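See the structures that follow.
Note that chain A is present in both complexes that follow, paired respectively with chain B and with chain C.
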Partner chain A sequence: MLERLGVSHLTGTAIGAAVVLFLFATGHKEDLVIGVITGLAYSLIALGLVLIYKSSGIFNFAQAEFGSVAVFVLYLLRQNDMPYVPAALLALIAAVVLGLVVERAVVRPLFDAPRVTLLVATAGVALLSIGVTFWLNDAQGRTVDPAIHGNQALRLFDIIISWQRVLIVVVVLVIGATLALFFRRTTLGLAVLASSQEPTATELVGISVKRLSTLVWGLAALLGGLAGVLVGPFEPFGPGGMTLKLLIPGFTAAVIGGMGSLQGAVLGGMIVGVGQSLGASGGLLPESVPGGGAVITFVLLAAILAIRPQGLLGRTT
Partner chain B sequence: MTTIDLRSEDPTEVIDVPRVLADRGWVPSARGWLARFAVVFAVVFVVLGAPFYLHTRQVDLAAAPIYAIIALSLNVLIGYTGTISLGHQAFVGIGAFTTAYVVGQHHQPFLLGIVIAAALGGFQALILGGLALRISGLYFALITLSYGVLAQESLFNIKSLTGGGAGATAPMPTPIRTYYFICLGFLALVLYADWRLMRSKGGRALLALRENPRVAATFGINVKLYTLVGFMVSGVFAGIGGALLAHRDEVVNSVGFDFQLALLFVLMTVVGGLRNRTGIVISASLFALLKMLVQEVPGFQRTLARWDLTLPVLFLLGGIAAVAYGVHKRNRIVLAVGALAGLLAVLVLSPVRVPYLEDRLAEIPVLTPERASGVVGPVLLLVVLTRLPGGIGQLVKPIQLWVSGRRFDWAAGRVKEVVITDVRA
Partner chain C sequence: MRRPRVLVTLLVLMMIAAACGQKAGVGGATSNDAFGAGGASNVQAGGAANGDTGGTGATGVADTATTAPGATGATGTGAAGSATSAGTSHAATATPAGDRTGITDTTITIGVHAPISGAAPFPQSSFQKGSPVYWDFLQTKGGVFGRMVKVIIMDDEYNPASAKRVCQQMVEQNHVFLLIGGGGADQITACAQYANSVGVPYLSAGVNENGLRNLRGYFAFSMSYPAQSPLLVQWATKKLGGGKFAIAVEDTPSFADAHASIVSAAKAGGLQIVYDKSIPKTVQQTDALSIANGLRASGAQIVYILASPQSFVNIAAAAAGQAYNPHWIGPGITSGLNLVAQVGCPAIGAANFLSPFPELDVIDKLDPDFVPAYQKYAGGTPDDISLALWGLNKGLAQVFLAAGKDMTRQSFVQTLESGKRFTTNVYPAGQFSPTNHFGSTQAHMLQADCSSRTYKTVAQFASGF
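And now, the complex of A and B:
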């Protein structure tokens, strides 16, 4: 294990540890803890993005919109007094159905098109979904209740963490581990990797690349839906709420991690989360400049792409 | 007969080859010319006469040339240099806030505001272009997206420059009817600049480096320089468009420059057909006037209000089409789904009451103009990307060639796929 970690990984870990210690010492520990947890929600979006990028090289701009649809369906069902668990399950199913429809109606016809064209197409899907939710729901902000009520769940270093946040941490860790096992240990996972590297050769071995694409889009939509259902309760949401809130941080997280690395996506999410909560709470920027979170995200993205385009955990090919 | 002179001074010179060899020497008859003249006259009448026969909604009308300018600006980036910009609301917004600062806060003349807005727009595009030299393709799209959000949340909220959340004011310099013609004038200027650019050495260099920067570099094209030129031209156009937009709205607010606006600009450009000026102008005008069209066309709004009738009729038609397709292609799934949809529609339309479904249908909100524009645009985009890669430009091209004195040819201007950039992504 150790010999696989190069010098750069050790340096990276050291820098990370130093930053964490510094923030702790200067009294930013609330930003740190809340940032990490918010960042894990970004990771959920980032995992979906990485999944699709790994299998077909597409930047999926509709990823966060799967979350918007799930949270919207959850809201509608809860309005009609359905118990939480079946409502959440139906919401996730709605997200998955949307993912499959997108794959069939938009991605398949453009299978051989340039990737940038597909990027525009998925952005179009997001815009359409926002348009439809606006039509059915107007721009008004709605609220949806969390999976677990109660504000005081854990006290970590004198910081109160709600149950919903604890749930996010658990879900991301479980999903991260499951996906890692899926890609390392199962034949299906290997087939997905194979189809991304050599689609033609994969077809020749007798694996249907198109079916794998369906599978991956379904999985990614499920992740997006989960992110929506988990993050939705924190703030009132309007049409496209998740796209505005999660898409750009999610992409930044995935790029920081290296766009092809699942662990990188989780790590990147935490970095973006901490950076944003530091930027928003002030201290990093002068008072007269608002929107610290967006500035930090942009700087992180530009810096990573300019200095280390393969990401923190990505491999150069 | 043209010969290739290898000692030609200009290495990117295009050799002029007649487009349709068979049509050489074909000239339309007198009646043909008359028909063509009538069409041109009608178009000129519709465009120039619009403020006179449409007495209401002239503010909406002025949006058409402004949006066209913005779409042409984006076309320089996506169509010519092959880099996608998802943060174009920042380009436009910088123009808008600049003119609000110069004209609104410091009471300088309107034209000076536009000139400074154009210059600043070009300058910020140049900086972003510097980044594009290092980062390209999909990753650059992310950078622009993040840049747009940064501009909206941070730059446009700096209180001393933009008035913060309350927004800045930019008074309209003339009555709205005159302002429409001013906007048309600027559109003509931008169209001319774009046309001259594409006919120059720089324009051809841009096209070459979009298709393959490495090959272009081996032919001696300065890739970095021309990428930056492309960005600057786009920024200048967007600055002009933004300034005109600010003076039309009279109040500029950071809330208006969100991510969805950037996507709308991309949508207008791609639906219009990349690298096709006519198509882009038409499509931008269409999106600008969409709300107005929905309201003005009689009967349209009433249809969209009665979803309990409209939707089943749509389902019935779709079902019939699906059944026909299923029988023709022997596809059982399509046939079954089509039959099911048709049956459902008939049940709902019939006097028999379907318990749950009919109540839900009655609850679907009216598709107001605001709501319609959010749904129609993306559908058009997806149709263009998957079925009609040339966009509106492809549809208009045969008419355009016909007007310019050629034979009518349906196949003219057909495009195989929406190519933005291949190699660098």
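And now, the complex of A and C:
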């Protein structure tokens, strides 16, 4: 409907700014800060989801499990006294390897199958991963150190933000920008987009769609792994921890932002985070309403999809 | 035309009523009467489990029955309606008329539900390895009148509906003699109410009192959360120096009594309540940050928290992430487990939690049998979940022995209500009566030691500070 009314991204930005001003005016600036810094963690998952969706039209239910595997590997390596940086790098490599294995063993054999078959297949991968980590890990909770120690990085509107949160903000913004440039400015990025829209034509001009698929799954797994390594230290994790914590908010963020839009994934993450924060603090709903954060998030989702089905920054095809 | 419709309607209603009445273990036996006297008929058999056929006389529990497997302290409620005088030690020789579901000549089957997942990722192996240890140990001393106790453990997923489902499964399919709740107030309440409705005894550590107080078959073998509030306030004022006090209680009706009692106790104790809010049952990162920010902004120095261990750890971590480190205190069963210190440190600091069982640092003095028995029957190093199970089973064995060889569900309940004191030296002594099923007045105080990532026992069997 907004599209028909000619509402542009600029107008969307204006609406966003108005919402921010409204939150400030009504004394919810703390909710805004908390929402943005937690929402950017969801954005990491949303970026991976969008990446795979952009390239192959698949909803990847195993996206957060790349994070679970990464944080579990990081934990194991840190338990064996490996220094943080190599341990984190190996954890990310483990996530990428998992992504490549999934692509080769599950996605590629089903490449020509209906998308819903692939959706179910990725859900199966997630369940398998949870089962394996449960088998290896028991149900016991584990903790890992943050990449940067120190609780007080900066204070924003009376909210103290830790260094690890600052790191997430930086990583998400850098990755979001890099991916946007990759898809807009590089031949490889354009080839990925082409393969998603016209796979046959892409093959005809000599580009291997399957190799592009491998690349995209590797990148998505890297993003999932980053989510695990960066978000994992905030609280104890167990088997399937990242899927439980991040997958639904990540999906919501991706859909709100527009499944094909990387900037939308970042924006959607922040919107989900702010919605949850307002619900948690009793800012919009009475505290007696259980699950206020989820209520607000899904009301927002429904409202945005009702007026703009392709998401805030998505494009109609 | 109208008459046949009426007839059909009546027929349907009759069929529904008949079905309700005959379904074994479901709905037929309701209320506390199922635990009446020995004459109560077997719920599993689908009969009228209302105890009307039995008398309500005092049970004949002999004190000597708790000390040795061979003691003859059976209850005197063997025959239907035979109310015997208290203290008689003769065992009922006739076939007991009460409900003996779950008991054979060689085994007693009991069911345990616990939040193995959901509240915190507890290691399932701890439950599996720990639960049979005491019974294996007791078997070398003759068992429970020669019977081995078989324990069935099911995960209630920290969800009341799941808890009721697994309890129903254990009652109807596994035919357990009794049920035990391992933790989680909502789950314990849901399962205890179900158990009471089908005439199955139910035991748990003390949680809420609302919803449980009037259940004849329910027994709390440690202090309830409301009863722990004065102790916690005493600890806060005398040991922590008092000051600004925050209250964060999980958003469930089950905790209404605990919340009211801590508010009342804090005011009476002169604490300044600066934060008093409910928190979600499942605390996500955004919730944790928001709650932690509210607590920090309130300036609270001591935070009373009544929530799942997972929620507690998440909030403590979020608070530490905001450079806010209050002293956390609370009642509970599971927040004082070493697992919580392992994953919660350093954020939880020197948190204090009351607990129905002590920590491993003092168990060798309190009960020297535990560690050797665990090493012998389970192998490896015991954890505190195993200790909790050991103490629970030890107390349960005493009740079994006191109830006698021909124990029924009714005589089990009556034995507990007899006023006899059950002492394990792990859990505080329990002493119940027909009007008081919350039979403990003591608790252990635990304190997190983040240098070792464990809890230490800083006060044993405390009834005040």
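By definition in this document, the second predicted complex is superposed on the first by the 302 of 317 C-alpha atoms of A that agree within 3 Å, B and C clash if a C-alpha of one lies under 4 Å from a C-alpha of the other, contacts with A are read in each partner's own complex, and residues count from 1 in each chain.
Just so we're on the same page, a contact is a pair of C-beta atoms (placed from the backbone, for glycine too) under 8 Å apart; a residue touches a chain by one contact, two chains touch by 3 or more.
For clarity, every value in this text was computed on a predicted model and none was experimentally measured.
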**Message:** Quick check on the chain A-based superposition: chain B and chain C, clash or fit?
**Reply:** clash
**Item:** Partner chain(s) touched by A:Gly293 [first = chain B, second = chain C, both, neither]
**Value:** both
**Item:** chain B versus chain C as contact partner of A:Asp158, first or second or both or neither
**Value:** second
**Request:** Quick one: name whichever of chain B and chain C touches more residues of chain A.
**Result:** B
**Request:** Applying the touch criterion given at the start, work out whether A:Lys245 contacts chain B, chain C, both or neither, answering first, second, both or neither.
**Result:** second
**Request:** Tell me which partner A:Ser195 touches in the superposition: chain B (first), chain C (second), both or neither.
**Result:** neither
**Message:** With both structures aligned on chain A, tell me which stretch of chain B collides with chain C: 25-33, 133-141 or 169-177.
**Reply:** 169-177
**Item:** Contact residues of chain A, present in both the chain B and the chain C interface
**Value:** 138, 288, 290-291, 293
**Asked** Contact residues on chain C for chain A in the complex?
**Response** 116-117, 120-125, 251, 277-278, 280-281, 284-291, 293-294, 296-297, 310, 313-314, 317-318, 320-324, 339, 342-344
**Message:** Under the stated contact criterion, what part of chain A meets chain B in this complex?
**Reply:** 59, 105-106, 109-110, 113-117, 119-121, 123-128, 130-132, 134-136, 138, 240, 243-244, 248, 251-252, 255, 288-295, 297-298, 301-302, 305-306, 309
**Item:** Contact footprint of chain A on chain B as seen in their complex
**Value:** 84, 86, 131, 134-135, 137-139, 141-143, 145-147, 149-150, 152-154, 157-160, 258-260, 263-264, 266-267, 270, 364-365, 367, 371, 373-375, 377-379, 381-382, 385-387, 417-422, 425
**Asked** Which bits of chain A are touching chain C when the two form their complex?
**Response** 30-31, 34-35, 37-38, 41, 138-143, 151-152, 158-160, 162, 164-165, 231, 234-236, 238-239, 245, 273, 276-277, 280-281, 287-288, 290-291, 293
